[in-house]
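Each structure below appears as C-alpha cells.
In the two complexes that follow, subunit A is the common piece, with subunit B as its partner first and subunit C second.
Now for the complex of A and B:
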C-alpha cells in the first residue's frame, strides 16, 4: 500500500508535464483543495468519532476573514491567511469547549455545531457592509508567492494552482498521518471507540476532542482560503449545510478508515459531475445515488475496500507476514 | 496516613440517597471488600471514588489531599483505577492494542511534554519508553493469563477473559488503588480461582485492592477488611470474617429469620 501511495504521489507530481488539458488539471486542483477539507474532516469524524457540522463554516469563515484583513487592514495575503487560521482556531476552541464541557456527543454534537454553523452563515449573509451579503465578493487580486530559485510569482494559471493544491494536500496528509501515528492518534481512537473507558484509563477526553476539532477546522480554514482564491469569488454558500454534507459524502465515499481515503472521495465527487454532463438537479440525484450505493455495498468506502482487496493478494500477504513483529497499534 | 479516606461521603440522585454519609479508610497494601445486597450503593460508592460520579457532599482524601473535585482521568493519573462490572472494551481492537492504549498514563508520566517529539518523528527516548511499556505489557499479559490471546479481538473473548482484560488494562495504568466492581460475577469456578490467583499476585506486587462482589466465599478468603452496606449507609466495618458474621449484615442479605 505504501509503495502504491509513493507511486501515486510521483504520478501526480509529473501529471501537469504530461497532461496539458485544463479540464483534467482543474478537476485535480478542486480534488486537492477539497481533499484538504475532507481529510481534516475525517480527523474529527472518522478518527475521533465526532460528527461535526461546523466544517463548512470553518472553510467559509476563514475565506471571509482573509479577505477582510487584506482589504480593511492591508495585511498581505499570506499574513491574512495566518490570521484566518488563527481566528478559526479561536472560534473552534470556543465552540469545542461549549460542546465538550457539556459532554455533547453524536447527534447532539452534530445539531449544536450545525446551529453554530448556521449562525455564522447568517452573520455573513446579513452583514452587508462587510461581507457584501448574498452578492458575494469578487477576489480580483491574485496572491503572490516567493520561492527560492523561482523568485516571486503570482498564483495564477492552472499548473501553478495545481502545485499549490498538491503541496497543501501533501502537507495536510503528512501532518494528519504524523498526528494519528503518535500517542494523540491512540487517544483519538480510544475516544472514538469508547470515551468513558478512555477517561478511566487516564485519557483527558475533553482535551483530545478539542484538539481534534481544532486541528480539523484549522485545515478546513486553509482549504477555504485556497478554494476562494482559486475560484476568485466568495459567497455565503461556502458556509452552507450542503457544503458540510459534501465533505461528509467525500469521507464516506472514499472511506473514513484511512487518512488518504477522503481524497479518493473528493476526486470521485469532483470528477463525476464534470465527466457526466448533467443538469444541477440530476447532479444532486447522482450524488445521492452514489452515496447510497457506497454506504450499502462498500461500507469501508472505495479506498478501504481497495485496501482489503489488495491485502488478499499473495504478494501483500508475504509483506504483512514479514512486518508482523513490529509493535504497532493500528487503530483504524 | 490512610491511602484513601472517605468522610461522610454522600451521593443523592434527586430525592434518592444512594450513598449516605459513608465513612471508611483504606490502608496501603490491603485488600478491602465492599459487600451488601443489590441496590445498597456499592457501585455508586466506587463511582464516587473513581470520579465517574460527582460527590454531593462529604470529603474524599487521597494520601491526605482532597480530591473530591477532580475528574475521572485525573484520579486515574493519581493511581486510582476502576474496572467495570460489565467490562467496557474497545470491541474491534485486539487484547494487545487495548493494553497499548491503556499505557497512556505511563507514556505521559515518563515523557511529559517531550512526548510531542513522537509527532515530529520518534526519538531514542520515546523508543526506550515504548520498549519499557512493551516489557510491562508482557508482564501484565502473563499475570492476567492472557498471553495466548494477545492477538484476539476483544469482541471474540469469553466473558471471563473480557473481565480479565478489564483488570489487565487497569494494571497498565500502574494503579496504587485498584477498584474492582464485581470481578467474579458471571465467572465459572475455574475462572474465579484464576482471578483469585491474579489478585493475590497483585497484592504481593504492592497494589491496594478494593473489591465489590456477591461471592462471599471468594471475598471471605481474599479480603483483609470489609465494609458492609445497606440502603446507601455503612452497616458494619472491620475484619472480613467479623463483618460477615455480624447479625445486621446477615439480616440485610438473607432477611430477619436468618440473623
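Now for the complex of A and C:
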C-alpha cells in the first residue's frame, strides 16, 4: 500500500513533464485545490461526524481577508495567507465554541453553522466599500511567493499552479493523516460513534469537536485563497450554500471513510463538467443527482467501494486481512 | 410614521403566514417522522410555477390552477418519498443531504423548463381594502386568510382526530404506535406528502402576489426552519405564530435597521433561541 502511494505521488509529480495539455492539468489543479477543501471537510464530517455547513464560508472568508490585507495593508501574499488562516481559525473557534458549548448536534449544528455562513455571506454581499458587493473583485496581480531555495517567483502559469496545488494537497493529506492516526483521531472516531459514551470514557468531547472544526476550517481557508487566486476572481458566491454542497458531494462521492477518498470525489466532480459540456443548470442538477445517488446507492463512495472490491481480490487479500484485524479499523 | 409602521406590520403578517406554512411543513416532517426536508422550498417553487403556468399560459381560472398545482406538487412529493426518502428514514443526516441534493435537481429542472427570467402573474383579484387609511391589496388579505385557515385546520386535525393522535403516538414511540395498530409506513409517507402539499399550496398562492424565480423557495425554507425552531419543533400552531413573528420582525426591522440585512435578523434570532431556549417558544419537550 505504501509503495502504491509513493508510486501515485511520483506519477503526479512527473505528470506536467509528460502531459503538456493545459486542459488536463487544469482539471488536476482544480482537483488539488478543491481536494484540500474536501479532505478537510471530511475531517469534520466523515471522521468526527459533525455536518458543518460553514465550510464554504471559511473558504470564502479567507479569500476575502487575503485580498483585503494585500490591497489595504500591503502585506505580501504569504503573510496575507497567514492572516486569513488565522482569522478563519479565530472565527471558527468562536462559532465552534458557541455550537459545541451548547451541545448542538446533527440537524441543529447544521442549521446554526448554516446560519453563521449565511450571515457571513450577507456581510460580504452588502459591505460594498470593501468587498464590492455582488460584482466581486478581479484579482489582477499575480501573487509573488518566496520559498527557501527557490527564491521569489510569481504564481502564474499552469505548471507552477500545478505544483502549488499538489504541494498543498499533499500537505493537507499529511496533516490530516497524522492527526487521524494519533490519539486525537481516535477521540474523533469515538465522538462520531457515540459522543455521550465518549464523554463518559473521559474524552473531552467539546475540546475535540472544536479541534476538528478548527483544523478543518483552517484548511478550507487555505483552499479558498488558492482557488481565488488561481481563478483570479472573488465573489460572494464563494460563501454560498451550493459551494458547501459541492464539498459535501465530493466527500460523499469519493467516500467519507478514508482520508484520500474525497480527492477522488473532487477529481470526478471537477472532471465531469469539463469532459462533458454541460450548461450551468445541468451542472447543478448533476451535483444534486450525484449526491442523492451516492447516499442511496453507494454509501461508501468510490474509494470505499473500490477498497472493498480490492479486498476480495486474492492477491491483496492476505495483506488486507492482516491489517483489518487491528482494532483501529473500527474507528477508521 | 405610524401609518408606515402599521402598513409594514400588515405586510409582515402576510409574509409571515407564508413563512408559517413552510414552517408547519418543516415541523410536521421533523417532529413526527424525524426527516428534515430542506427541499420543501423547492416544492414551494414548483407549486408557484405550476399555478403561474396554468393561470397565465394555459388560461385556467386561478382557483382551479391552485388546486391542480397542489395536486401536482403532492404527486411530486409521493414520488420523492417513495423513490428517495423512504430509504433514509432512520438516518437524519442522510435524509437532510438527500433533500439538499433534491433542491439542486428541482431548481435546475425548473430553470431549464421555465428559464431564469422572473415571472409575474397578472392580477387575479384586483382592488384594495381600505382599513382606516391603510391600504391592503385584496389578494394579499385573501391569501393570508387561506393560509391561516389551512394551518389552523391542520392544527385541529392533529389535536382532535384519530390521525393526529396516531401521529403524536408515532412521534413519541414508533414501535408502540405500530403495536397499537397505527399503520406507520402509511403515516410516515402521509405526513411527508402532506407537508409537501402545504409548501406547494403556499407556493401556488405566493405566485399571485409576488414575482417568482427559481430560487425563491430556498429563502422561504430557511425562514420556515427559523420559524419552526423559534416556535419549537413539533408545534404546528406555534410554527404559524413563529412565522408571523418572524415576518413582522423583518418588516418592522427594515424600517429602523438597514434593509440589506433583513435576512440576517431571522438568522440571529435562530441562533439565540437555540442557545437560550432550545425547546422554542411553544415547545414543551426538548
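In this section, the second predicted complex is superposed on the first by the 315 of 332 C-alpha atoms of A that agree within 3 Å, B and C clash if a C-alpha of one lies under 4 Å from a C-alpha of the other, contacts with A are read in each partner's own complex, and residues count from 1 in each chain.
In this text, a contact is a pair of C-beta atoms (placed from the backbone, for glycine too) under 8 Å apart; a residue touches a chain by one contact, two chains touch by 3 or more.
Just so we're clear, the structure is a prediction, and the values are computed from it rather than from any experiment.
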Which superposed partner A:186 touches (first subunit B, second subunit C, both, neither): first
Subunit B versus subunit C as contact partner of A:112, first or second or both or neither: second
First (subunit B), second (subunit C), both or neither touched by A:102: second
First (subunit B), second (subunit C), both or neither touched by A:287: second
Touched partner set for A:196, first subunit B, second subunit C, both or neither: first
Touching partner for A:8 - first (subunit B), second (subunit C), both, neither: neither
Partner chain(s) touched by A:310 [first = subunit B, second = subunit C, both, neither]: neither
Which superposed partner A:275 touches (first subunit B, second subunit C, both, neither): neither
Partner with the higher number of touched subunit A residues, subunit C or subunit B: C
First (subunit B), second (subunit C), both or neither touched by A:178: first
Touching residues (chain side subunit C, partner subunit A) in the complex: 30, 36, 84, 87-88, 92-94, 96-98, 100-105, 107-109, 111-112, 218, 222, 225, 229, 258, 260-261, 263-264, 267-268, 270-271, 274-275, 278
Subunit A to subunit B touching residues, read off their complex: 178-179, 182-184, 186-187, 189-190, 193-194, 196-205, 327, 329-331
Subunit A partner contacts - residues on subunit B that touch it in the complex: 50, 52, 71-73, 76-77, 81-82, 84, 88-93, 96-97, 100-102, 104-105, 107-108, 115, 118-121, 130, 134, 169, 172-173
Subunit A to subunit C touching residues, read off their complex: 51, 98, 102, 104, 106-108, 110-112, 114-116, 118-119, 122, 125-126, 241-242, 245, 248-249, 252, 279, 281-282, 284-285, 287-292, 295-296
